[in-house]
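Shared between the two complexes below is chain A, which has chain B as its partner in the first and chain C in the second.
Our next item is the complex of A and B:
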């Protein structure tokens, strides 16, 4: 079944969920298609499906709770641990995400699993500098203004209103958001930023709301990745961009061995010494191994209904930046 | 341990039997754990198979942990969990030594088989409070109250890869407070350093030795003087000659008087009496 057909079917399912009357035949076709495409929307609630939590197998209902606990424990030391574990390289990855995004003033960003707000802060900084650059360019081109130009300028002086960019940080974990808010307060950022508690599989936003959806190092913790992708499609405006930064498979075998050794030997030790929590960081490195590789994830994004899906490997495949558009 | 007269073959057989017993115990533990996990429908991490809270670590990880926790503990001595991890990762030989000493002592052997734990839930506080002054139980309770500490604040052992040694480590941590009572030392810095010197001489744990060496760096001149002239030598001498402090079944000796217990353990009373009000900080230095 082609991606567009699947999209149509999924829309039909969603419509049927919201109790809109559609023809019985279409409904039956939708259900059959859903079952064939292994959509979990209609799975029996009593059926105990299991999924992976790191290298462990746990019931699906448990996974979200355990992930919540992990991030609740690590929230206070999250940023310090990121710097220690990646030797500061995570900042480069996030900067590269922003450069690939290249947001212009006036766009609305939804940063899912945004937690401590790294992406959103960078986003606001980026659009602010873009805005300044535009102002400077405008000023340069208006070196010798005529009286007509000056009077035009006065009439269009409050252009800043519609060009205000907004970032919404959405995370399921209140502790992480708390830490993010404290960071924002200490950095003095207040305008254009809002903090929302929400589940990536069921976002508390209307359809067609955002220009850009990002999820950085969060999607591997989601229990149902396909649902998160569908929600991403739903809340994006047509023409909106989906961007995902996530740990992925290292292609070079030598680097892969080094990376594995570092992940499994060093990172839990760092977790114990710096954050006093071995097991959370053991889960973190195991969850990276359980996440699908670059090509498979590209397929999943396409299945959800995105177009022009591409990926870029950063640091030899340690991190992959996936991008897709809602058209 | 070579016993003269035994052939090499008999020694190998003894070792094999010991190994088999260990394997049987481990597999039994794993089976019990598996049974538990299937009944709850929720598998716990595969790490907890030797004892609850156990985390498997490779030698590289242990080395990294030792170095990392050492640095962290030096930077911030109030990080008791780091001191604990340092003790666990560096104390293997000392723990083996302690285990042998406990096994050779009849009361110590009882402790090893019965595995008592000291925590608020196992202590009968009202009964201990009703004991006469000078009895071990009453003095211990007084020590807990004066210094505002509780026996429940000890971190669990995580990185020791042998169940019995892990218990010995845990017992060492729990006996630490009792040692304060026996030695008559409060929980201020001077008292803690004195106890550390005693423990270093007694147990030979590298973590105690490190604490003993670095602890005095935080003392002022007057206390340093009292440490080096009277408290220190007293602690070291008594640490060396006293009976193994882990071999005592303290839970059955609450009624015994402190003096009596000291005599039995071959410990002299402290040369100076330090009071609990004489403390700079209320934090414990484990």
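Our next item is the complex of A and C:
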């Protein structure tokens, strides 16, 4: 009890200090880590557990804060940087996620770490075009309706209401959600979309709420991946699908060398030039290396309780699309 | 308040964890791993428990028969070795910590069996949605699963059609086996081959009648290149089964010619059935009769031709000999 009180106090102190740059935060974290390791006998067991933040080692309690800072800084330029770093291929990856998902009309999507809303916009677009295609097909086949069809039509006119699909974008970072909302307003998408602040390890939703749970390029930033997976299992309806798009291990050795060179030489430079932030993009490429590979992540998803877990490599393993079902 | 919520969720998570079975996983990206069993979410599907035991080996509703045989085997060994535990488990389905290796126990179901159940449920929506993912989604919803579970079926509508074909084939095999048993017991007369074939093909084609309007779509799905191997396999097992129960035990070229003939008859009759509008498909059955008669006639005609040919040859030889005699070439001076 007193240990958790101590944790809360420390968190409150750090929250009040909003002007720390990332490098300063790194130094402060290093000092805090040194302090905590030097007075081990007084510190909480949780403080001793450390995790990776890129190639650094930080205490677990610290990682979430630092990730928050990273995304707070890059939020405004996030989409531009995505296009620049991946040469636009990230759009293809996200489209392939949607095609694999093939959502039926009327499903509810939870897009965790959805940030600027890319997946949700594509989802709504996909469902709406599918519904339009169905309506067109129905209209074409109804060119010469029989009396039976006409009377059926009258009775089923109000059934389109409940078939409305809804997407909920959930992100821990308010800045990213703000950028996403601005995008939605400029694209004119308003119905069927909600924006919620929430932590992937502890989602603010009830059980059995969603048909599809997606997390695109977000799960490697989560401190406790297994907790995020368990939360995903919890909020999904039975039969619901978990889909995760994430950077992964490149299988081809030649491509791997090129990819490593590109990641460590080019991307932080691009980050400095376009977004003015070398450290955040250094963290990005390092965190990709620390994330478990395809098979290991498949095992983690199965351990959380999902069935029929498969993965597909995109772009030779640069990105992997994992999918599991709650049965 | 938040702590209370967290506590409640933790309690639920613990209960959930205890009912998850940790099983050895396959490393291939396919999701058809045999040894994977799972426990159906107890409160929702508890009513289905007792009625949905793993199917007996004679009626297989899963895709590949050897998978089903394998799981039936595992069922038997699991239930034999965990009799006491299984009896306990039947009454306490939520806690399964003690039975880590008994995934194939009585109330567990493999992924294939669940997929088969979804597809069977989807069949009743085929008249409405056609052979498509929408039908599968509606089927999943009747089982209480979200429509997102259609993602399990990578082949989409092809999975549904192939499942239906497999189901029809196994139903036919049951009927033929039953008839065979009746004949063995002496309770029924053995039928002539032509009649047997006609009845078997008619029974099999009658299973399409509820779906006859959308059957052209199903046939076109079966003709897609990635479905052709599977559909040919099902067709060949069907024809083989019919001939086996008709009593064919040939081991020479006849084996191939008989099956080829029956395949031709079956396919053409199916096509005729698609555009038949007579009451109860009478025209189709007449067509079937005629084709089978043709084949039977062909067989007897072939024999007749052979014997006639022999007779003709002998006659010619005799005439030639007589001529030789008459012209005196045969004499030895």
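As a working rule, the second predicted complex is superposed on the first by the 279 of 327 C-alpha atoms of A that agree within 3 Å, B and C clash if a C-alpha of one lies under 4 Å from a C-alpha of the other, contacts with A are read in each partner's own complex, and residues count from 1 in each chain.
Methods note: contacts are C-beta pairs under 8 Å (C-beta built on N, C-alpha and C of every residue); 3 or more make two chains touch, one makes a residue touch a chain.
Given the structure is predicted, the values throughout are model-derived calculations rather than measurements.
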Fit or clash between chain C and chain B when superposed on chain A: fit
Contact breadth on chain A, by residue count: chain C or chain B: C
Touching partner for A:59 - first (chain B), second (chain C), both, neither: first
First (chain B), second (chain C), both or neither touched by A:308: second
Chain B versus chain C as contact partner of A:278, first or second or both or neither: first
Contacts of A:265 with chain B and chain C, given as first, second, both or neither: first
First, second, both or neither for A:316, with chain B first and chain C second: neither
A:145 touches, of chain B and chain C: first, second, both or neither? neither
Chain B versus chain C - smallest C-alpha distance in the overlay, whole Å: 28
For the chain A and chain B complex, residues of the former touching the latter: 48, 55-59, 62, 265-266, 268-270, 272-274, 276, 278-279
Complex interface listing, chain A residues touching chain C: 100-104, 106-107, 202, 207, 211-212, 230, 233-234, 236-241, 295, 298-299, 302-303, 305, 307-312, 323, 325, 327
Complex contact set, residues of chain C against chain A: 6, 9, 12-13, 16-17, 20, 22, 25, 27, 29-31, 36, 38, 40-41, 44, 111, 114, 133-134, 137, 140, 143-152
Contact footprint of chain A on chain B as seen in their complex: 41-43, 45-47, 55, 58, 60-61, 64-65, 68-69, 71-72, 79, 81-82, 85, 158
